[in-house]
Each structure stands twice: as structure tokens, then as C-alpha cells.
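Shared between the two complexes below is chain A, which pairs with chain B and chain C, respectively.
Up next is the complex of A and B:
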């Protein structure tokens, strides 16, 4: 067996384990930050969800790079005031999406036709290409930062209840809540499957054996999923569930919440107005 | 394939979100009707499963690894309605909580992966698996191809959505406001990766999980194979009986073919070139282009090699053309059936006998 093949085999199980662990760590980080006492942590979740949507739509509509940049600065300030460290924001939000977007948009700088700014050996940098890349990266960066600030300062249960304020059907909210809860049960199960496989492996296996192991793990996970679904259904029935879903009402919004909402609405109107 | 925020214009996002709403509504109604209260935990758990399965690194030929979306598996086990809801929920959580896929692009992502992906996977699987038994290898291949087709059609939708952005949305200087690449770049860029690595990963997961389920829990495959009843062979016999009656009815109706006059275009014989009436018919059917004065030499030579015993569906020993037509139909059908029976006999003799069944 060649060393290269052995390396690839090690990578398959370890990389899957790393993905699963990373997701669990991501959630733990969000829970930890949501417990800090910062500016946004004390605000009503409904205000934060509505504010996020309003600002995201305003940024998407805006055609002015300066305005998008100011909104990005506002999102960073909100994060700082909510005691979110820049490193956490980078790890949580920027590393994946922003780096991916930068890689995607880089060729557009030379591929977009327009007014020449700089001639290079492999192409010509155009003003339009730079602007196109700027629009995309600024929007992606701003929206992902806003979204991360919301998620890191609000527990998932509160976000779900806030969705009811937006008239999202109650059944959908309940399904989302249950899905989120059981993602971690299944992540743990998948982690155990791969960990036990790693602990029992005594020698290298072929690529096709690895493929079969991966799909068998997926099959076992599906069987466990459906088994768990049946158990949960029985548990729900034993507690009186008959298909109707009820949620506790949220407490009424307070003065500072209304003020925050009004402020965000003002900013959003300003973004759209200046952009036009 | 998860489209982030900023790549699509607000109007594209709104259009795709609006397009997705009726699909979600119909899917929810169907599930509620079918599963009553059981559908809440089932969908939640399956959405969680779809989420987790996207994190599996799958070893692919060539030493690389890939991720599957799980559209094929979700559709085959839950049916298209269940898959639409389960994948949409997984995408919602990915967008809101993990920043994978945009919030404004949620409608587009759900449309591409949950709706188009599920429906394409369902149609492909149903078409290719036919009425094959639940444990048939044909279902494994059908599942793999369903997953492969679904992810590629979903990727094509995403590529088209990207590609129309610079055409429709640019600022006064001509700089694209959203995704910057036109269709001629966006489509190949998206499809190369999906036709190879991502498609292969989806193929392996879909086919592999179905093969696993066939061996361990074949009942899970019943949702998209409700017309297959492995436990009651009588049902299949009843189904073939209907086909036999239909075949007999068609044979009796074959003399209706005599009502059609003239020749089908291109089915002329060498003699027709010498017949004035046939020549004018050929010319009329060929845009008033006169046929050659003589039959082509090659046609003349080849047509003399074999003379069919029932030439023109008219056996020489029968005077009635109608009876001759019906007789030809019976003889032809009998020969086709005999060929298949002989082929089955040969194949069955070669195959080793299966000793067990899956349970």
C-alpha cells in the first residue's frame, strides 16, 4: 500500500470527524456568546430578527458601495457593542463564505469588459470588474456579519419564537425547533459511528471499502433517524400531542426595543434613499 | 451550490421565493393528509439527517473527497413532498445558523435543491426503477442516477440564476451589481464540478444507501414504490392479465390499418418507381419533387434478396385482406413472445439460484 493512499484513507474518517466536531463547536460558541451581557443580547429577539431582515434587504437593494461599507461598519460596531470578538466573527462568519466569494469573484476583475485601469500579462483590470467584485464582496461581507451578529447574540429558541412574529406557520416553527435539537443528537451519533470505526481499524483499507463504509454509515444513521422519529412520536403522543401545536406567547416589547426597531428602520430607509 | 447573499438580485430572490411558496404549501398539505401528527417528528428528524449527511466526506475515485446533498435519498425514502419540506428546513437552519447559503437567497436555494432536486430525483427514480422489486439491483442504479440527475439539474438552475444577473442588473457604468459572470461562463463553471465530483458523490450516497436499505430495511423504499407489492405475486399476475387483454384487443383491431390509403413516406418498393399512380403519390409527399425515372440500383438489388412470406401483411393462402391483417398480427406477436420466452429460458439457466430473501 502506498503512503499516499494510506494518507488519503486517514483523511476520510478524520475529515468527517473534523466536520462534525466543527459544527458542534460552532454551536457551543454561539451559546457562549449569547449568554454574555452585551448591547444586543438584552434586546427582544423579534426586534433583532426584523432588524436583520430589513437591513439585509436594504443592503441587497443598495447600488452604492459607500453605503454598503457604512452598513458593514455598523454591523461591526453592533458586534463590538455586543462583546463579540473579532476573532470569533472571523471564525464564525468570514472565513468560509467571504474567502470563498473572494476566490469566486477574483477572475471577474479581469474578465469583465470595461474601462482599462491596469494592463497585466494575463489580462486587463477594468473599472467595471473592480466595481463588480466590490459589490459582491461588500454585500456578502455585510450580510454575513449582520447574520452572525444576530445568531451569536440570540439563542435558537428565541429566534424560533421571533419567527412567529413574522407569521411563519407554527407547524414550520415547531419542525425547525425539533430539527435543530436533533441535529446534535445525530451529529453525536454520526461522530460515534466514525470514531468507533477508527478505533477498530487495524490496517489500511481500499478506497472502495472506504466508500462502502461511508454509505453504510449513512444508511445506519438513516435507520437510527427513523427509529428515533418513531420513539419521539410515541413520546409526544403519551404527552397528549394530537397534531395541534401551541407555543407560549412572548412578553410584550419594551420601550428600548421599540426605539431600536425605529432606529433600524430609519437606517434602512436611509440606505435605500441614498442609494437611489 | 448554496447561493450566498449578494449573488442574486432582490427581484430574483423574491421571484424564486414566490415560486417556492405553492410547492411548500402543496407539500405540507399532502403530508398532513397522509401522516397526520406523525409527520412533525418524522420531518424534523429527516431534516436533521439531511443536515448531517451533508458533512460526510465521501472518498471518490482519484483520491479526492466530496459531499452529497442527500436529495436522492430523501426523495426515495420520504417521497417528493417529504423531501421538499425536509431539505427546505435543513437549508433554513444552514442559512440562519451556520451562514451556509444566504438569507435573501433562501427561496432560490430551496427552489434549486429542495423543490427542483426532489422532483427531478423522484421522476428519474420512478422512471428508471419501473415496477422492479424492492430488492432489485435496478433500484440501486435508478437511485444513483436519480441523485446524480437531481444534483446536476439543481446546479444548472443555480448556474442560470447566476448567469442572468449581469444581463439584467448592472450599474450605469455597466459593472454587474450581483453575480458577475454571464451564462457562457456560469454554466460551465458550475456544471464541470457537479457533473464530476459532486454528482459522483450524490450517485454513490444515493445508490449506496438504497443498497444498504435493500439488505436491511427494504420497507423504507415503499414510499416511492407503492405500486410494487413484493409480498403478493397475485397482484402482478392481475396486472399482466390486463396487458394480455389489451394485446388481444389490439390484434383484433389491426384490420383498421387497411383504412389508411397510400404508402408511408420512404416505405416505397422498387416497383413503385415504375407505377404512374405511385410516382405521383411520391412526388406529392416529397414537396412536388419528382422521383427518379428508375428505382435506385441499390434498392432494386437489395429488395430482391429476401421475399417475405406474408408480404404486405397478406398471407397468400387468405383472400380476405382483413383476416390476413389479423392473422399477421397474431403471428408477429407470437414470434415476439416466443423470442422473449427463449431468452428468459437461457438467462434463467445461466443464473445461480438465489437462496435467501431480504427481510
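Up next is the complex of A and C:
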């Protein structure tokens, strides 16, 4: 069977699972990139999270396309210096987000009143419409690139811990960490359930069979999740958990980390100042 | 040392029920400090439940369990001092390492127990470094659990318990789902682990004589036998009755069908 035909014959849930597994593979790719020795990989995660936040705010308030373009170029340069390949950035960030943003912004090009540039059968493209669309796409593209550079150069564990630098409560950080941890276990379980079902199926399934399988899988997953959560609680108790969670503090930031933070703060101030 | 203190665990007529289902039915057992015990039994015989009773995760429906002369009751675990002391001295390694590895990285996993027991952070960092070397997992230190192999997960799970240097180590099926090399490493570890009480729940008879000096066989939540590993492993009537031994049939190269008793873990002709 050709892959295309097989794809068409797969049910909604199986296609969703395939997408989820693809997402999991993307995450694993991100973890592998984070292990490379590049410019940002060696920087403290707290610096990167704070720097990202500052730059995102600066880009969001900027009203100068040239400044946004320079920030975009800066994000690309940081990605290059951190050994992120352009194709990885495209797959991880741009493709889906920019297409989605373009779809949202397309009506604004013809619906925003202003100086006419081109008359079409279904409306008029205006200069103001084009500018609004350009700003949105440029901001989204820049912010997404900055976020992707952060995510690709930092493991999730470090990002979560860095959230504490923003005074995010420990319990919230721990819950996020455990959620991320067990998504993989449950995804694998869900995948196994559907693989086992597929291995015993002959011919395509009807819509009602697919619905029944989806409900059954959801039930099994729910039951396994409850069982797993009970076992995890016992494992935590066994090692002394008594309702409060504690984490090891990160080591203090080093000189180069402070310098990076100061440099990013300078860039952000520059972006806002030039844009005024 | 008095006999009372030497006897680390004392179980008297312990019963445990999961709702209406009896998992343990009148277990009476004494375990001395430093003993290496294999807890044998088929699936559903009550091995895991007994380990959880010994780790005070479950409390008996009836009967009495004591550790170092003190009865293990829920009320006692509401006091920080008793709970911290017990949790430091008794460690349980679960059968499924995914249950036990709930932290984002290996280092966080190792730090979890000492942090909960409020150890000074400097001491925790030192112990982490020692454990990373002792268990050969330094290269895994920042790795998330979903990127570890089965054998690596088991090693990290054991390290996360042994970082507390407990006097009692409880292991639930430590060799299950491991490839032969990881299994052999695990047996080496259990063989070398001297000086502490080690209680291993298993149905793998092939490893019993390597890891234990005493065998307790469970059947339907009761103690069916208690003795030296060599004696227990030779008692085929007992092993057949408790589901640990069965007739194994296989084809020989000449095409003839051969039948013989099969011990879990290895073949015995």
C-alpha cells in the first residue's frame, strides 16, 4: 500500500497520534540541538529566558519595520552562532506559524481603509492594510524565531528551572516538569494501543468502529493515567515526600552571563528608543 | 546488640486487603539486619504488596509490622522526625522505573530524596557527585528520563534510592524487562551490595542463589516456605505448586519433542 493511500485510510485518532508522535520527535530534535556546543547553549538558562522576554516586549512595542528586521537578523545570527541549521528553524518555527498568521492577516490587506494600491474584483489593497499585515507578520516571525532559538538551545528542564528566576512558584514549576515528563510515557502508551489495534485489523475501519476505538483508547488511557499517578505518589512518598516540594538551587550566574544580559538589555532599549 | 534490635522487621499475622480482595493473608516473618532475602512467588502472590507494607506505603488491614522494635502505624508517620528517619533508612525501588523517575533530569532525580529529607544543599551536591561516579551515570546527569534505556533507568532508579544510603533496600523485580547485559550488571550490583538488608521480590529463580542467603516463597498471600535458596530451588514440588516451575516443551534439532521442568531464568535438564 502506498503511503498516501495508507494515510487516507487511517482514522482521525491515528492521524492525531501520528502528529503527536511527530511533535515528540521534534522535541527530541530540540533536545539534541540543545546538547551541541554553541554560543547560546553555554549561557545560563535564566539569562536566556529573561533576554527573550525583554526582546519580545521590545519588538512588540516597536513601530519601525527596519528595527524589527534588524532584530530578526539578530535572532538568525544567534541561531547560526548556536549551530542551529536554517532548515531546523524552518521546520520548528516558521512554516506553520507564518502560514497561520498570513491566513489571519490576509483579510486586513483588503479590508483596512486607506490609500489604494491595487483594485481587485473582491476588494482593494491599501497601503495601510499592507503595512498592518507587514507589521504583524514581521513581529510574529521575529518573536517566533527568538522563542525557537531559546527552545532549541535550552533543554526543557533548564527552561522550567529558569522560570523560578521570574518568581514562578516552585510547585508550579514541579507540576509543569512532571507533566512534560509523563506526556512522553502516555504518548508511548497511546501509540502502543493503536499499533496493537492496527496489527490485528484487516481492511479499513468504518467511522463508527473508529469512534468506538477512540472511546475505548481514551478509557484505557484514563485508567492507566490514574494507576500511574497513584504509583508515582507512592514512589514520591517512599523517598520522603510529605506535601512540600523542594528543588536544588541553580548555581549563581557567571560574569559572561551578566554581560550577555546587559548586552540584551542594551539592544532592547535601543529597539524601543529608535522606534519612538 | 540485643535480639530485638537485630530483628529489623517483625511481621505478625499481617493481612492486607485491596477492597474485597485479600492480597496478604496472615504473614508472620522476622527479618534480621544485614540479611539478603529473595521474596519468591508467581504474579499476584503478594510480593509487591508485602514490599509496600515493609516500606510503610501500605498499612496492614490487620496484624502488626514493626521496624527496629517500633510498630509501623499511620499516626507515627505524621511526626516529621519518625517519618524522615524511616524514609532515610528504608528505600524501595519500584518495578516500573517510569513510576520512580518523575523528575526532569537524572540530577534532579538524585536530589529529590535528600531534598525532601531536608539535607543541607552542600551535602546533597557532594552525594550526587559520588553517586554519579559510583553508578557510572555521570554521562547521563542532565538527561531526561525519556531518553534513558531500560537498564539506565533501573540504574538511576536504584541510585536515586541509594543516595540516602538506606540500611534496608527493597527491590521489586529488579531484573524484569532488562536485556541480558543489564540483567548481569544488576545481579553483580545485588551480589556486591553487602552490609545492608536487601529484600528482592522476584520470580526469576535463576538469580536467587546469586543474590540471596534466604528465600521466602509466597503463595496466595501466605508464606509457603522459608529457607536456604539451595533447598528451595531444589524443591520442585513446592515450586510447581506455587507456579514458579512448569513443564517446558521444546523441539530438539532431530525433530523430537523434549519435555522437562523449567525454572524461570534458566533451563535445567
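Note that in this section the second predicted complex is superposed on the first by the 263 of 276 C-alpha atoms of A that agree within 3 Å, B and C clash if a C-alpha of one lies under 4 Å from a C-alpha of the other, contacts with A are read in each partner's own complex, and residues count from 1 in each chain.
By our rule, contacts are C-beta pairs under 8 Å (C-beta built on N, C-alpha and C of every residue); 3 or more make two chains touch, one makes a residue touch a chain.
Small disclaimer: the values here were computed from a predicted structure and weren't measured.
By the touch criterion stated above, A:205 is placed in contact with neither chain B nor chain C. By the touch criterion defined above, A:275 reaches neither chain B nor chain C.
Once the two complexes are overlaid on the shared chain, A:26 sits against chain B while remaining clear of chain C. Once the two complexes are laid over each other on the shared chain, residue contacts for A:124 go to neither chain B nor chain C. By the document's definition of touching, both partners, chain B and chain C, reach A:228. Of the two partner chains placed around the shared chain by superposition, chain C is the only one that A:155 touches, whereas chain B remains out of contact. When the two complexes are overlaid on their common chain A, residue A:239 makes contact with chain C while staying clear of chain B.
Residue contacts after overlaying the shared chain place A:180 against chain B and chain C alike.
Among chain B and chain C, the chain that touches a larger number of residues in chain A is B.
Chain A uses residues 156, 177-178, 180, 182, 185, 228, 232, 236-237, 241-242 to touch chain B in one structure and chain C in the other.
Interface residues of chain B facing chain A in the complex, by the touch rule stated above, are 4-7, 9-10, 13, 28, 36-38, 40-49, 51-53, 55-61, 63, 65, 73, 77, 85, 89-90, 92-93, 96-100, 102-104, 166, 171, 173-181, 185, 204-205, 207-209, 211-213, 216-217, 220.
The touching residues of chain A, when paired with chain C in their complex, are 28, 31, 155-157, 160-161, 177-178, 180-182, 184-185, 228, 231-232, 234-242, 244, 246-249. Against chain B, in their complex, chain A makes its touches with residues 4-5, 8-9, 11-12, 15-16, 19-20, 23, 26-27, 30, 52-53, 56-57, 60-61, 63, 92-93, 96-97, 100-101, 105, 108, 111-115, 127-133, 135-136, 138-140, 143-144, 147-148, 151, 156, 159, 169, 171-172, 174-180, 182-183, 185-187, 190, 207, 210-212, 214-223, 225-226, 228-229, 232-233, 236-237, 241-243, 245. Against chain A, in their complex, chain C makes its touches with residues 52, 55, 57, 80, 83-84, 87-88, 91-92, 94, 96, 98-105, 107-108, 111-113, 115-118, 121, 124-125, 142, 144-147, 160-161, 164.
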